[in-house]
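Quick heads-up: structures coming right below.
Shared between the two complexes below is chain A, which has chain B as its partner in the first and chain C in the second.
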Partner chain A sequence: MSNIPAELMYTEEHEWISLEENRGKVGITDHAQDSLGDVVYVELPEVGDKIVKGEAFGSVESVKAASDLYAPVSGTVLEINEALNDGPELVNKSPYDDGWMIVVEVEDESELEDLLTPEEYEEQVEGE
Partner chain B sequence: MQGIPLIFEKTKTGKEGFRLSPLEVPKVDLSETLGEDIVRDEVNLPEVSELDVIRHYTELSRMNFGVDNGFYPLGSCTMKYNPKINEEVAAMPGFTELHPYAPEEISQGTLEVMYDTQNLLAEITGMDNFTLQPAAGAHGELTGILIIKKYLEHKGEKRTKIIVPDSAHGTNPASASHGGFDIIKVKSDSEGLVDIEALKELVNEDVAALMLTNPNTLGLFEKNIFEISKILHEKGALLYYDGANLNAVMGIVRPGDMGFDVVHLNLHKTFSTPHGGGGPGSGAVGVKAFLRDFLPKPLAAQKGQMYYLDYDIPHSIGKIHGFYGNLGVVLKAYAYIKSLGAKGLKEASEIATLNASYLLKKIEDMFEVPEDILFKHEFVVSCNNWKEKFGVRALDVAKRLLDYGFHPPTIYFPLIVDEALMVEPTETESKDTLDAFADALRKIYQEAKEGPDFLKSAPHDTPVRRVDEVKAAREMKLIYEG
Partner chain C sequence: MLKRTPLYEEHVKLKARMVDFAGFEMPIQYSSIIDEHMAVRVKAGIFDVSHMGEISVSGEKARDFLNSLLTNNVHKIKEGRAQYNIMTYEDGGTVDDLMVYKLSSTQYLLVVNAANKNKDFEHIKSFAPIDVTVEDVSDDYGLIAIQGPESANFITERFGEVQLKPFNFKSVEHEGGSLILSRTGYTGSDGFEIYGPPEMVKKLFSKFIDRGVTPCGLGARDTLRFEAGLSLYGHELGPDITPVEAGLFRFIDLDKPFNGRDVLYAQSQQRDRRQLIGLKLLDRGVPRQDYSVYYGDEQVGKVTSGGFAPYIKEYLALALVKIPFSGTNDKHFEIEIRGKKHRAQKVSTSFLKK
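Now for the complex of A and B:
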């Protein structure tokens, strides 16, 4: 049973986002890291880059596969998790905490409305 | 590697396997001539005798596993046996001793084979023209994509997107992206085929092409191919055929008749030339007549009794390989096509499909398998039930197969199937071999039932045991530092 924190919002592509004022913190879910297996490389955008909701903003490479990361929301990248450069395993160990990926300045909060609730995401994961 | 020293570790100072003749010209001080900063004193090369070198590499070569010493059901790779007559043909001095700059008058035999191969491939696939230049599958894909791009530019159309199914080979989006296109993914429906409704929504005037493998990577025939073709063509987009799975349908259906505009073939897979060791391969690309003028140049052509290289290709994307491609591979493929003939090629595909279906029936009770689905030349089963019941994953099953003397199937692909094993037995394997492989899987299933630990530490009998792939990827060491 994968861990799906109640305070986060989710995408169909298995990213999570938390919102603090207009700062959205983004990572991948516990289910995603478990399906990917051991993560060996995380490719992230640079601070200042613009990302667009629904489009790829980076990728995660595991021993099994490389997968794109999809932006849950549009905006400017404020921070990236530099610790993932040397410690990509943080994504496996702590997907919702130390394994976060980027912080983005959310321009339009209404973009968050069509994201999945924890319940909806759980339903999707169970349906897979 | 456990127990196998590196050649560097066999060094004995002063040992050597060569003698240089005495110097016949005045000695030059390298530091003076080349500059001190680029001359190294310590190069740290192994110091070993000739016999040491021979024994070392012979020992390593004996650890190789290939189709010549065992069953190799690596899905999507078509590891069929490569008949040795292919090698004989490719090694004929008339071919090997020909210089690529030799005049056409004395290169007639080679040009004829190139010309014939272009035409044979066109006939097999239902296309009009073929180039033999691309060096391998992904190179063929890029060539095809560049042809499509040039064609659209020529028409004055600005289309920026290429659609690939979520079950596609990873090379498809990579090639399209390398060619400058944005990638859109179309999802599979519950049967594992392209979702027609989703495709309809995606196709518009921005879409340059859809890249499709048929049968697809799940081993399923895209039965809606005519409708797919119509959806694309009605909006002015093209249809690209990834020929990786042609081995299922040779002589039965042709991509050209299904509506494909551009096709690449992996001659090294379907047409039986050695592969899997890094090349060389051949990714011949075929097009319908309206794209002929965009092919790489030159093409082999015929005028009267003479064969020549035709450089008159007005909108050619240019050259994509030195000279004329990997000709040795083309010669082997030619030998294979000529040996089997039309009837033989069709039979090869029939037996490839029969072998896959037979093997699936023998093992399906142990895995999660979609119901009522007819696979073609390969099939995909899921080890999800192993994971849930025994805590054993597809990776563990694959590793344990090594102990039983088999090359494992492809694992964790296609991405849309969890814990996937993708098995392609090919037509060249006997019923005995298929039975032995099924028996090995059944034994492994028993072992899994008895507890996961033994499988989690497999392989046990190979020269190198379980490799730490995570460490290898995270802490890459590419040079020997002594």
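Now for the complex of A and C:
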């Protein structure tokens, strides 16, 4: 049973986002890290880059496979998690905390409306 | 319908993640591929490799027959020893790579890749003289591999003191049955393989795990062999890749006749042919099979296996390339990873040996 925190919003592609004022913190879910297996490399955008909702903003590579990361919202990248450079395994160990990936300045909060609630995401995961 | 090895229920009990591999339902991982990989490098891990094929070749002429079919010199195998070998077509392409165990002067056991077993069996049979018996005995054997620097301790604990040098094997009587205990493996670390009746091998598997040997899946088997620079059929070897191109000269005796010998000899004299090289990424990224390799601006070949090597902590690749044999600048390689060129340096394919 994977961990799906109640305070986050989710994408169908298994990213999560938390919002604090207009700062959206983004990572991948516990279910995603478990399916991928050991993460060995995370490719992230640079601070200042623009990301677009629904489009790939980076990739996460496990021993077995490479997967794109999809932006839950559009906006400018404010921070990236530099610790993932030398410690990509943080994504496995702590997907919702130390394994976060980027912080983005959210331009249009209405873009969050069609994201999945924890209940909806849980339903999707169970249906897989 | 997928086949199951005798150890299937053990894998389920251990909550392994199962995948379809060569028609078998096999464990890809139990905990984490990297944790399992590290267990083998620093302590000991155990693998179910019962899916491997076993083919018995026997008769007075078995030895000469095998010698005409395989690249390595079968005459040089002493009784009680195993030899790594390659079977080639007339055109030099690879049928399979395999281990040859000399059970007696007239009896050999070939251990082949699971996915190639039927093809190998047919190939061998088609060349066999009437007085050489070729049998598929795969179902008679369960096979487990205990690998890692501490594997000898676990083997001694179970079977008593065993004097076995690398590539040697012996028969061991155990609880009323007969096992083949062999100091071989496919990880680049010290280790043993145990062949025996399926039920007995199943019991041994769980006993070793109870003693603290880490169960390891096919995921770690692949990262371990890759980190050790060992070839895998379907990657570094195949019908369109010869063992000369794969750099396996140590296992090719060009001084004897065998299927494909003339092509391999000609290739070995050629200076502008494909060759297998090792590459170490200088820019971070994960190279994978079929990614393009560049030297300068020119595409010179493809990655055959690639990834993160957990023990030496580098991003590495094996690549089949056509480049000059000398005079190249080792640092002028690039691998295209997901649309971006990443700088790479040519290194020995023996990644583990520094």
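The rule we apply is simple: the second predicted complex is superposed on the first by the 128 of 128 C-alpha atoms of A that agree within 3 Å, B and C clash if a C-alpha of one lies under 4 Å from a C-alpha of the other, contacts with A are read in each partner's own complex, and residues count from 1 in each chain.
Following the convention adopted for this analysis, a contact is a pair of C-beta atoms (placed from the backbone, for glycine too) under 8 Å apart; a residue touches a chain by one contact, two chains touch by 3 or more.
Note that the structure is a prediction, hence the values are computed from the model and not measured.
Undergrad: So in the superposed three-chain picture, is A:59 touching just chain B, just chain C, both, or none of them (first/second/both/neither)?
TA: In the superposition, A:59 contacts chain C only.
Undergrad: Identify the partner contact of A:38: answer first if only chain B is touched, second if only chain C is, both if each is, neither if none is.
TA: Both partners.
Undergrad: Please write out, lowest number first, the residues of chain A touched by both chain B and chain C across the two complexes.
TA: Chain A residues touching both partners: 37-38, 40-41, 61, 63-64, 66, 89.
Undergrad: In their complex, what parts of chain A are in touch with chain C?
TA: Within the complex, chain A touches chain C at residues 37-38, 40-41, 43, 59, 61, 63-64, 66, 85, 89, 92.
Undergrad: What part of chain A is in contact with chain B in the complex they form?
TA: Per the stated touch rule, the residues are 35, 37-38, 40-41, 61, 63-67, 88-89, 128.
Undergrad: For chain C, which residues count as touching chain A in their complex?
TA: Going through chain C, the ones touching chain A are 29, 32-34, 219, 223, 284-286, 288, 307-308, 315, 338.
Undergrad: In the complex, go through chain B and note every residue touching chain A.
TA: 170, 411-413, 415, 418, 469-470, 473-474
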